[in-house]
Structure formats: C-alpha cells, structure tokens
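After this come two complexes, each holding chain A, first together with chain B and then together with chain C.
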Partner chain A sequence: MNKNEIMDKLAQTIRTVFENPSIEIKEATSANDVDEWDSLAHISLIEEVEKAFKVKFALGELMKLQNVGQMADLILKKSAK
Partner chain B sequence: MQLRKLIQDRISAGNLNIYDRQGEHLLDTNIQREYQCIRNYILSHVKDSEVIAIKATKDYRYLLTVLACMEIGIPYIPMMVDYPEHRVEQIREDSHFKLLVTDDLLSAMVQNNSSGRELGPENPEATSYIIFTSGSTGKPKGVMIPRKALSNFMQWVGDEFTHVTSQDHMLQVTEFTFDIVLTDVGLFLQKNVHVHFSNFNSDLFRLAFEIESNAITTLSTVPNNLSMLLSDVMKDRVNLSKLHTLMIAGARFSYGLYNKCKSHLGTSIHLYNLYGPTESTVYSHGKKMTFREDEDCAGLNVTIGKTLPNVTAVVVKDGEVKKTGEEGELLLGGIQLLSKYMNDPEKTAQALIEFQGKTFYKTGDIAFCDPRGDYYVIGRLDDTLKVRGFRINLLDVDSYIHKLPYVEDCATIAIPHEIAENQTIAFLRLKSPKTVKEIKKDLLEYLLDYQIPEKMVMVESYPVNSSGKIDKKVLKENYLNSIKKTGAV
Partner chain C sequence: MLFNSYFFIFIFLPVAWLGYFALNKYKMVDLAKSWLLGCSLFFYGYYNPSYLPLILVSILVNHAITTQLQNDKNERHKTSLFYFSLCFNLGLLGYFKYMNFFLDNFSALTTIHLEPLKIILPLGISFYTLQQVAYLIDVYQGVAGEKRFIDYALFVTFFPYLLSGPIGHYSEIMPQFESLRAKVFNYRNVALGLFVFTIGLSKKVLIADTLSGWVSDGYLHPEKLHFFHAWGTSLSYTFQLYFDFSGYSDMAIGLGLLFNIKIPQNFNSPFRAGNINDFWARWHMTLSLFIRTYIFTPLVKCMPKTTFGYSMIAMFLAMTIAGIWHGAAWTFVIYGMLHGLAIVIHYYWKKRKKKVNYFLAWLVTFNFVNFTFIIFRSRTLTEAKHVVMGMLGLQGFQFPKMGISFINKLGAKMGPYMSNDQNLQLIIIIVSFILIFKAQNTSELQESFKPRKRLAVLTACMFVICLFGLNRVSEFIYFNF
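Let's turn to the complex of A and B:
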C-alpha cells in the first residue's frame, strides 16, 4: 500500500469508529479537529487501526503521533518491514 | 504531627529524588536553593493573614510552592495552569488572594535573594489550603481546610503505607487542584519516595508509557484511568508488574474494576479503595483490598472501608441514625472537617450541621455500614456527580451554558459509562445555528475541560413535567432508549 491508499483506509476507519461518515480527514487532522475524538475514542481508534492494517504500535510510537498523516507514515513504515 | 518541622526536615535532609516533567533527575542542592527562594519570596510578599493562589504547570516548582505555604502557614489556593480567566476572577473576587503564582513568577521567584521574615507561630486552627469546587449556582465554593485536619491526614499517610520506602518510585499524575495529590505529598515527605511528574493529560498511552519507563511502583489515580490501563488494548502493551501500591479514589470503585484488578494485577498488590469529599480533607475512609470477596464487597458494591483515625461517620435518614445495613445519607465528623466555605455562611450552615451534639458534614452521598463497620457508598442525593474523578454539578453546568447568547434553553444529563463512570450529555435549543465545536470552544471561557458536556444534542423541544419544567428523567430515559435502538454509545 502507498501512503494515499493508507490515508483513504485510515479515513474510512476513523469515520466508522466515530460513527460519523462526514468527517473530513486530511494529513494534518488531529484529535483537536474532531468532536468525537476524545481519550476513550482514541483507544478504540488505535485498536481498530491495528486490526485494519494488521500492525501493532508500541507505546512510545503512539505517544509521538500528532496527526493522521503521522499515523499513516508509521503504518507505511511498519508495513514495509 | 508538626507539619512545619516535617517539611523543614525533609527538605534539609536531601536525597529528595525529584524528577521534573522532562524526566530529569534534579540535584538536591538546586531544589533546596529554589525552595528557599520561593519560601523567602512568599515570606517577604505575603502576611500570615493573607492568601496566595497558584496557577502553574504541574511540576516540581508547584510542589515546592505548596510545601513552602504549608511550612510558613499561609493558605494556598491551587489552580490548574489552564483555568479560564473567568474562573480565576471569580476566585480572586471571593478570596482576595495577595499573590498569583504563575510559571513566569516562579521563574523570577527562584532568582529571589531576599531573606524573608521570621516565621509566625504554627497555628493548628489556621487555614492550610482552600480548594474551590463546583456549586449548583455557577459560583465555585471555597472549601477551607485547617492545618490540624491536614496534619491528621498526613499522620494517617505515614502510618498506613508502611510498605512504601525510599526505593519506591511514584508518578505524580493528579493536578494539585485535586486533593488526592496530598497523599503523594505525604509519601514524599514521610517515605522519601522518588517523585516523577507526569505529562499525562488525557492520553492513556502516555500514562502507560510513563508508568513503564519510570518503573513506577506507587500510583494514586481515579478509577477510570485504572480501568483503561487494564483494558484489552492496553494490557498486552504495558508492563505494570513493578506497581505494588495503587491508591484509587475520586469516584466509585466498581465491582467490575475490582474483578479486573484481581485477574490482571494479582492479589499481592496493595490496592486501596479510598473515599472522601474535599470537605473532610482528602479521605475520610479507606480500605486495603484483601481480595476476599466477603471482606471487600457486599453484593455488587465494593467497600470504602472504615474511617481514618479521628474521623467519625454516621448514616442518617429522617433525623435518625440507621442500623447496620440500612441506607441513609453519610454524615462525616471529626478533626478533618472543613472550617467553612469561604465567605459563604449560608452554604456553610447547609453543609455543616449539628447532630446529636456534634458537628457533621452532610456529604449528600447515600451509604450503608456493614456489621464489620465497613462503609459502602451507593449513590447521591442531588445533581452532583463524578466525571473522570472530578466533582461536577449538572445545574452548575446548565447555568454556564445558558450564558452563551445563542442558547435558548439547555438541559444536561448524565448516563452511566463503563469506563468514565458518567458521561454528560447536553440537550440544547439554539437561537441560531452553531456547531458542537464552536459551542465547546465558547464554553472553555467559563468551564473547565471536564465540566464541558462530552456530547451535545440539538433539540427542538423538551419533555416537560406537570409544572412545565424540563423533565430530565424523561429526557434521560428517551436518550437511553434511542441509543439502545441504534447501538450507539
């Protein structure tokens, strides 16, 4: 998968987890931009993203994530291994 | 217990083992120097009869300021660094605090070379700190806690946690506005634990990382944080094996969480369920779990245990003390009671009552006591509830939402939530369209993050009762039915 494909799939996963099909997702989108994205929802989101992409994030990696684009980069890096 | 001597001895003894928010192990000589500077600055700028407020980042300098106030005997008002200006002004008007200690001022204070003034006599009746909590009218109440109450509490911390030593590492998660932080202060003063200041705000992955990477052994936190640390997504990601002492407080410790602890943490952990309103100095009750269900639980209720030394409790209904097993309102008495609410004789008179010749604080909590003398809290009498460990009042929240010029009407309800204990939902009728994001942003001017309803639902009308008022009970039932149908939570 390339980064664009990962971004598309990430956007789909985010919309499904937050039950809101109209959320607009860009690389710079972060929890601050999405009403539904609180600390509890974040945990559910990570769980679903890991399932969808068959990857596992370490705690140290999760802490550094600032936005959706960085999440896509991390998935790309992990999938390439 | 002589608080002043305890603090002086601890600071001068060294081996302070304080790590700042960046994780840096601070030199004793630096901490001791900064402590003296902060202390002397306060001494030279504030009289014993005056009050200071602290609105700074939760870090070691906040701790040093709190300790300096406790040593000198000057009451402090803790605030979070991001308190909205509106709330700071409300507190300023109420308390007339002499000094507002901010991060910038602290940076200047630690360069202070003045020698201060002589310490006044240590007065057990004097106020130690004032914590502002939610009222029901939009105006926070200042709970004034005397030094004798804090001393009694500190004595309990020293006597109870005998297994905690200078080898232990404690993560300072809680903000100083939340009085459970004083347990951590007590452990620092009396058990010489290593203190790590946490960067945790709401990202549970960060909390888990900090616990693991700092090999944390001792932690005070609220049930929902623990619940998330033990959730499926966390449990195979974080190693909690070093943790041996967990002090859980601030909200109801559920039977589900009790069982989760038992299976995920094992039964050798020192797990405490602690209870107490701010008005009775941190905790009035505490129970170290034995992990024997007949000792820890009554049905699906987990006990808060017995009262702390010099604290008394009675369960009362219709003016009579209830028998073992019977429910009623929990009244608290003894040395740890607040002296009063600041400048509010009316609220003080409502909360502090004379009962059978003694003064008691009406907690508003519904409780019962079992034959062993262990207490159980099972509900509330009013609209006050806990969200993420913080006390909020739904009427208070409504009163602030009504301040927004585009809000026609509003009703906030709370529904049970598996992890957060309560989830708040505001039903709004607007004069002009606004997005949830815009409303939440506007509310941040008046309310703290945890007070802002997590969900907002726009409505055209409300169910009303026979007197024409919004019927919150029906509103809640309708909402619960609607989410059952859609499966949304």
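Let's turn to the complex of A and C:
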C-alpha cells in the first residue's frame, strides 16, 4: 500500500468512526479541526485503524501523532516491517 | 534550590551556563553534558543532599534495565523484566509518597495501630518517576532507541524541569541534547529565554506570592470565613496556584531555552476553558498528555470492549489516579474523582449534542474548578467544608470595607477577619481575571517575540522589580507533589 492509498482508507475509517460522511480529510487535518474528535473518539479511531490496517501502535507512538498525515506515515512504516 | 532566589539567579545559573557553553566551544561535548549533569545534581541536593542517593539509584537501575530490555531477544525475559522494573519504580514512589497514608488508614480501619514511618518526601519523585516509567514502557514496546548513560541521566535530571516539570518526554528532550545546533551559543534563544524566565518570575513573585498571604490567612480559620472573605480566599488560591505553577513552568521553559533546549508548553490559558475537558487540555498539559497516553489508553484497552460506558469508567479511573498522583491524602483522591466525574458528565452532555452559551459554560467550568481547588488546598475535608459553607453564606455575611477604609485609619476595626489590605486583595483578583482573559499567554508571547530594545528595557525593569520581591523567597506549591 502506498501513502495515497493509506490516506484514502484512513479517511474512510475516520468518517465511519465519527459517523460523519462529509468530513474532509487532508494530511494536515488534526483533532482540532474535527468537532467530534476528542480523546474518547480518538481511542475508538485508533482501535478501528489498528483493525483496518492490521497494525498495533505503541503508546509512545500514539502520543506523538499530530495529524492524519503523520498517522498515515506511521502506518506506512509499520506495515513495511 | 529555588529559581526565585539570588543564589540561583546570580551564581548557580551563570556558572552552570557559562561552563556548559565553554566546554562545548572546545568540543568537549561529553564533558559539557557531564558538567550539566553535575550541576543538576548539585541543584537537586542543594538543600538536602540525602535525596541524592535515591534519585541516583533510580536512574542507575532504570538505565540498566532498559538497556537489558533493548538487548534481550527473549520475550518472556523481557516481560518479567518489564514488570519487575515497573514495580520498582512504582514501589519507590509508593513507599516514599504513600506509605504513611496507607499505614494511617490501615490503623484507622483496623484495631492494629501502626506508627507512621519517618519518611521525607523526596523532591520531584512524582515527576522523575513519571518520566522514567514512560521511557520504560516505550523501550518495552520497542519504540525507544538506544541511549548512553550520560544522555539518559541528563534527560532525567535536567535542572529546569527536574523538581516540578513540565514533564518531558525523552523522545522530545534527548535528541535535542544530541543536536549540534544546541551546543552553539544562540543569541535569539538567550533573549527569548530571559524574556520567558522573567514572565514566569513576575507571575510567581508579583502575583502568586502576594496572594499567598491572604490564602494562608483564610485557611487558618476556615470556620470563621464569612461570605466575601470565603470567596476572596478561594479565588485567591485558585489564582495563586495558577500563577505559581504556570510561573514555574515558564521559568523552566525560559531556562531550557538558555541551553537551547525546548521544553514543552504546560499551560494554555486554562481559565478560558468552556468545558472541563478543554480545561485539562490547557491546564498542566504535560501531565494530561502522560495520563491520557500511559494511563487512560491502556485502561481502555484492558476493558472487555471499547464502548462509551467502558471508556467512561477508564476516564474516571485515570482522573482518580491523576488526583492521587498529586499527593497522599483523601482530599487529592476526591479532587481526582470529582474531575473524573465532571469529564464523564461532559461526555454525556456532548453526546446529546446540546450547545450551551459560552459564558454560561465558562461560568460553570470556572466555578467547578475553583470549587475543586478548595478541596485540593485543604488539609482535611472539614476544612474544605467550612470554606464552601462560607462561600454559600452559611457562616454569615460581613461586608467588605471597600471605600470606607479611611475609618480604619481612625483606629476603628471593621471585623475580626478583615485584614487591612483587603482592597489590594480585591484589586489583585480583578487584575488576575483581566490577565487571564485579555493578556496574551506566555506561549503566544513567545511566538510573537521579536527582540527589540523597548522590550529588552521592559523585561529588565520587570526583572529588577522582581528581584526586590525575592527577599521573601517562597517555595513553589508543586514542590509538594
């Protein structure tokens, strides 16, 4: 999977978790841009992302994520292993 | 050692700083780091060297175990080593911070009487334990790179944040000590560092220390607090805590900049928050981040399912732990539980998608926080109860002597608990409100910072004014946690 494909799938997952099909997802999109994205929604999102991409995030990795682009990079790095 | 002391500002800091850059200038990089480590340990042991062995043992053991974890290939070994190390860290914290609390409650609940042990809380133990546990977990999960002893020891002990935070994450701090840029004298960072340090010093010396007298007066006899005096005491404490702790964080950030180290932001105008969740995203931000990452997330993962209800239980537990982290007393447990409960209520409310007017939302949030800080400050729940009763007017009314203070000069007394400087107290509370709402906060000021002559003069004046206030050197509230 390349980064664009990951971004597409990630956007889809985010829209499903937040039950909002109209959210626009760019690399720079972060929790601050999406009203529904609070620490609670974040946990559900991480769980869904882990399922969808078959990866497991370490706690320290989650801490550093600033936006969707970084999450895609992390998935790319982890699935390449 | 206190940042707000002449010895720190005029002797310790210049010596540590000049030594560090001089050694770096002559390419003695490791020696420069060792120098900074030595200075940090001196800073730590300055008042009481007996704390030193404990922090050294903690660093040595954690370094040895994490190095072993990084080299061991056997998963079972690693798991047992990890849990052993976790128990070691929490055990140290538990013994030094919570043992007497435990013994006390045990004696109260059973017929067996246990004498409290003679334990002095080692400075900063809650902070350096948290930093090391985060590193340990990351090593165990395979996301922390290898490190040398000197880097690790310096990361744990770096004096600007050692005693009271901001709580640094190794992945943010350690690479900065490595970078070449950080070893070169940087004029902009020095100017910015001094500016931020002065803001912090002013918050502490001019506001927090001024408020502290009224707070101690009020809490001396909480059962005698009348309506206005109770409100004055409680608001004074809320602002004292904020200016004290955010002042300390600013000073730490400023000191970090002097050494070209960027220490994370710890406050972002918390009292402007329109809900309790937002408050925790702005108040003691580095602690919130650690709680969310290393306590809340694993707790949710331990739950049978990730449902709303289970997440709420995890949230409540995480906030209760955050409360206990502050200290070994029921008041802190209740403080944490109340905040946990408030966050749960907030999420239920949010789920129902009902919007509230900002002012109303702010009013509720601010008053809730102010109310919980009464419990946070009180030594016992009875003390807290009296302050709250006072604020509800249940201990009587006595009008403040605003505008009629001249009577006082004629020798008339206004009432048993009306201090002479009550007008000043009111003014400082109003000024605090204005600063909190209208003034740019330190990180905003940092972003818009341009080294100009006028700003330099202003900063220097503030600094000198603060220096006059240092004769009443006082500890920081968060040293006790």
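Operating definition for what follows: the second predicted complex is superposed on the first by the 81 of 81 C-alpha atoms of A that agree within 3 Å, B and C clash if a C-alpha of one lies under 4 Å from a C-alpha of the other, contacts with A are read in each partner's own complex, and residues count from 1 in each chain.
The rule is simple: contacts are C-beta pairs under 8 Å (C-beta built on N, C-alpha and C of every residue); 3 or more make two chains touch, one makes a residue touch a chain.
Values in this document were obtained by computation on a predicted structure and should not be read as measured data.
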Partner chain(s) touched by A:E19 [first = chain B, second = chain C, both, neither]: first
Contacts of A:E47 with chain B and chain C, given as first, second, both or neither: both
Chain B versus chain C as contact partner of A:S39, first or second or both or neither: both
First, second, both or neither for A:E27, with chain B first and chain C second: neither
Chain B versus chain C as contact partner of A:L59, first or second or both or neither: both
Overlap of chain C and chain B interfaces on chain A (superposed complexes): 38-40, 43-44, 46-47, 58-60, 62-63
List of chain A residues in touch with chain B within their complex: 19, 35, 38-40, 42-44, 46-47, 58-60, 62-63
For the chain B and chain A complex, residues of the former touching the latter: 202-206, 208-209, 212, 228, 231-234, 237-238, 419-420, 436-437, 440, 454, 488
Parts of chain C lying in touch with chain A, wherever the complex brings them together: 134, 137-138, 141-144, 169, 171, 277, 289, 292-294, 296-298, 300, 306, 308, 311, 315, 347, 350
Chain A residues within the chain C interface of the complex: 38-40, 43-44, 46-47, 58-64
